[in-house]
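Two complexes follow with chain A in common, the first pairing it with chain B and the second with chain C.
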Partner chain A sequence: MTFKNNLKIILAENKKTIDIALSYPIFLVFWGIAPLLWLLPFVFQGKALVGGMSSASFKALTGSANFLPFILIGTMVSTYIFSGLWGVGNSLREETYWGTLEYIIASPTNPVVVLLGKTLAEFILASANVTIQALIATFFLGVNLTLAKIFPVMVIVLLLLIGFYGFAIAFAGFTLLIKEVHGYVHSLEWVFYLFSPIRYPVEVSSITKTLSALIPLTYALVAIRGIILLNKHIVNLWQTMLILIGMDIVLIIGGYLLFQYLERKTRQAGTISQY
Partner chain B sequence: MSVAIEVKDVVKKFRRGRRLKKRDIFAVDKATFDIEEGELFGLLGPNGAGKTTLVRCLATLLIQDEGTIKIMGKDIYSNSLYCRRQIGLVTSGERTLYWKLSGRDNLKFFAALYGLDGKERDMRIEYLMELLDLKDVQNERIEKYSSGMKQKISLARALLHDPKVLLLDEPTLGLDPQFSRFLRNFIKNSLNKEQKKTILLTTHYMDEADELCERIAFINRGKIVDVKTPYEYKRDLPHTEVLELRCSGIQNCDELLKQLQSLNSVEKTTANSVDHVTNIKIILPRAEPILSDTIELVRKQGKILGINVEQPTLEDVFIYVTGTRLSEDTAEERPATKD
Partner chain C sequence: MKQFIKQMKHYARAVWAENIKEWKVELTYKPDFIRGLIDPLVYALPYLLYGIALVGGRNSKTLQGLVGSGDIITFVTLGYVFIGFLNMALWAMGFSLRKEQYWGTLESVFAAPVPRWVFAMGMAAHSTLHQGLMISVQLLVINLIFKLTINPAGILPSLLVVAVMLIALYGLGMMIASVTLVLKQGQLVSEALSGIMMIITPIAYPLAVLPLFLRKAAMFIPTTYGIMTVRHFLMGENMGFSVATSFFRLALLGIAWVTFGIIIFEIIDQRTRRTGTISHY
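Entry: the complex of A and B
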């Protein structure tokens, strides 16, 4: 297959995934609103504890007193991350369920190319969800998200996602081999929730602070909050960007090689069509 | 004529059992056969015989443990991309398509996987829709299709890239008789005779194999038992008649079969029971001399509902050669101990 052919396969897979997703419109609405519904209890809890939307101790840890934008940014970025992990990681299980995986694997296309198409679709669908969240946050929760900051934020988000999708592709390989990955995805979700600053600053504990350094999401969230809440310029975040680029290279190459290995193992085990 | 599919000493084992009791089970055991270009070749065997495992090896979905497989002269392991372009795959069952997409969108997606796009793709889809009489429903979602129509789309998918080799794994399984007939005609006349495709058809329907295939490999418990034309199989059978009895009230079938087996010149006896009705088959050179003894033995145990004397079918040949009925499930464990 030429590069042009592979690009067309990515676009065909992207179209197919979005068409199938759009055939269940209620799910799109649900996934657009649900993350905010998860967020609200934390907002109310925070309000009850500090008696308003800002806290001096929160400012001491993060540099910004208002915790709502802090949590909102964490929620929006984690929407990208977790939808990618669920969408790409679990996508081959869906193909198995539909009975179509064997036909993809038996074609002359590298399954990783198909996964890239699924990645693109997940990115588009997650972007739609994040846009809904941003609109609700702006119009109903009074959060001020400046358009001028979107471009640098998107650069950081993309750098985060490239590596993360590499990780999700490796996860798709595990789905091929072990079929049931819900437990693993949930465990990973809670590792991220606990050790990266999605809902609270990791500085609250020395353990979370130390372990958060191993998770790319930490660097991205710190950088994005720096841009949005503390008006930092992206140029001053070059160290974060270098770390993310380094992690991208490791995760993309590692994810690809691991997927190839796991796919071959699955062919040997004869479990491609099982679910 | 050159060889399109070459299977040599192929072994596929699976690990089965729990923890310490794990052991290797031979799904395919030293399978060897060749299929010539343009040939319609059948793989006939009961459920669990290893047909689908072998097809999956040929389609590169499974990596065999031993032996070599060549498609159009090239090894499928070292030239998997080339071989996949030569192969069109059809499996049984309805769930092989995207039900939320239309038939046309399904084909467009799979066409992309084979590097087809633009006008070439559209013309090919148009041709296949016309050929399979699907034009009227091509823009409807698959979920609205009947089983037969879904299988037609599966067939169209296999033909999208105009492959030289078709692997048809029980393509008529679960279809109603009308669609089965259509599919059989299509396979024989359009795909094999007109388009000169090399076809490997797996089935456990002996009349399907008999009607369609030029040569047939019998597969049982993972082993290729024999490869011949349907005519050769029947000709080489040493007996010429099959005595069939339909009975009810048989209490001890094994004992009855033993007694029948001891009758003069009986070569093989088999029985299967469905809803308290037992069908007994006796294979022998001539049925008439043992007819009265047979009736007497059966009457001691139950009631005779019907008697029939027939010429042997492929199923009878299969029973003679393997001792197993095609309708039996032979998926029970086959430990990896060699003869």
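Entry: the complex of A and C
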């Protein structure tokens, strides 16, 4: 297959996935707003524990006393992660539900190319959700998201997602082998919530701080919060960017090889069509 | 009378059989079962660590002023136990009929010679036992890590409150279960309800920090009284109403939710039979 043909397949798969998503518009609106609903208990918990919207000990840990923007940024960036986990990681399982997995596997296309199309669609859909969240955060919650900060933030988000989508593609291979991964995806979600600074600063405990260093999301969140909340320049975050690039290379190569291995193993076992 | 007792025994056997069937299905997938035991623990920890990060320790003067106790770990942990009960109603009970549909056994269950409420009681019994196990693991591990400070004399009355609250939650679970017969994919309803209930029930904060309209809405949710009364017994939370009032309101909510749940269940059951959509996927 030529590059041009592969590109056509990626765009066709992207269109198909977006068309299916747009068939259920209520889901799109709901998942744009729901993460902000989940944020409210943290706001009320903060008010109950410190009597306002800022905390001195929170500032000592994060450099910013106001906890609302801290959690908002965690919510928005994690929207990309969780949409990738469900949308890409679980996508081949969805094809099983629809009865179309065999067609994809039997077609003369590398399944990784199909997964790239799904990844592109997931990125577009997650970006739409994050835009809804960013608009609500800017106009209703008073978070300062200026256009000048959006470009460097997007650079960090892309560096995070390149590696993460590599992981998600490997996870999609895992679903070919063990089929039902709904529970595992949920567990992974909670691992991210617990060991990366989505909802709280991991520096609060030495255990979470150490384990969070293994997760790329930690570096991305620290960098993005640095840009938005502490007005850091992206150039000053070069070390974080280098770590993310290194993790991207490992995750993309590792993810691709692992997917190929798992797909081959499932074909050899003859269990592709099993439910 | 003899006939009535015989019939009740027959129903009790069906309830037990439904409970045992659910355990057998779940224990067939052991890694999933173990993961299910750990999940509630992993779910609660970020909220505890977030509290510690805000306060810089485990005692908050602001919380002390609001509820009479400043121990954020015990306060939040006892609140989060009730998420398990909410999940039981919204997800475990709520999706039990949909699950039967996935397995292709809904028609067989509905054709069995027992009333629908017997099936509902069976799923309620299983959900309660399973949730009880998950909550026990959650409390045990959090106690090992953080050492909860509770009044042991409050444990028995707390269990009584939970028992009364569960009756109301069974009504809610029955309502959601029947709604899935119409909507089929009812995840969004459960997600939305779960999100709203997470906000208005005083899980990690007292009612005092909520806006007035949310405080009023919280008064119709059984878990509000469950959480506050249990925390009152175990850590001396000031509720703003007496224990007797709490039991009375819980009992009223129990009657209201169960009646509402049964009525909705019956209406939807008859409608899906009439329209012939029970077997639709």
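By definition in this document, the second predicted complex is superposed on the first by the 275 of 275 C-alpha atoms of A that agree within 3 Å, B and C clash if a C-alpha of one lies under 4 Å from a C-alpha of the other, contacts with A are read in each partner's own complex, and residues count from 1 in each chain.
In this section, a contact is a pair of C-beta atoms (placed from the backbone, for glycine too) under 8 Å apart; a residue touches a chain by one contact, two chains touch by 3 or more.
Values in this document were obtained by computation on a predicted structure and should not be read as measured data.
After superposition onto chain A, partners chain B and chain C are found to sit side by side with no clash. If you count the residues of chain A touched by chain B and by chain C, you find the higher number for C.
Look at A:Phe42: by the touch rule set out above, it reaches chain C but stays clear of chain B. Seen from the C-alpha centre of chain A, the directions to the centres of chain B and chain C diverge by 80°, a value given as a multiple of 10 for the model superposed on chain A.
Of the two partner chains placed by the overlay, neither chain B nor chain C lies in contact with A:Ala128.
In the superposition on chain A, A:Ile104 makes contact with chain B only, while chain C stays out of contact range. Between chain B and chain C, the shortest distance over C-alpha atoms in the superposed arrangement works out to 12 Å.
No residue of chain A lies in contact with both chain B in one complex and chain C in the other. Within the complex formed with chain A, the residues of chain B that make contact are 12, 14, 27, 53, 56, 59-63, 81, 84-85, 87, 89, 91, 93-101, 105, 108-110, 112-115, 117, 157.
Partner chain A is touched in their complex by these residues of chain C: 32, 35-36, 38-39, 42-43, 45-47, 49-56, 60, 62-63, 66, 72, 76, 188, 191-192, 195-196, 198-199, 203-206, 208-210. Every residue of chain A that touches chain B in the complex is listed here, in rising order: 1-2, 5, 8-9, 12-13, 15-16, 19-20, 23-24, 98-100, 102-109, 114, 264, 267-270, 272-273. Considering their complex, residues 26-27, 30, 34, 37-38, 40-42, 44-51, 55-58, 60-61, 67, 183-184, 186-187, 190-191, 193-194, 198-201, 203-205, 208 of chain A touch chain C.
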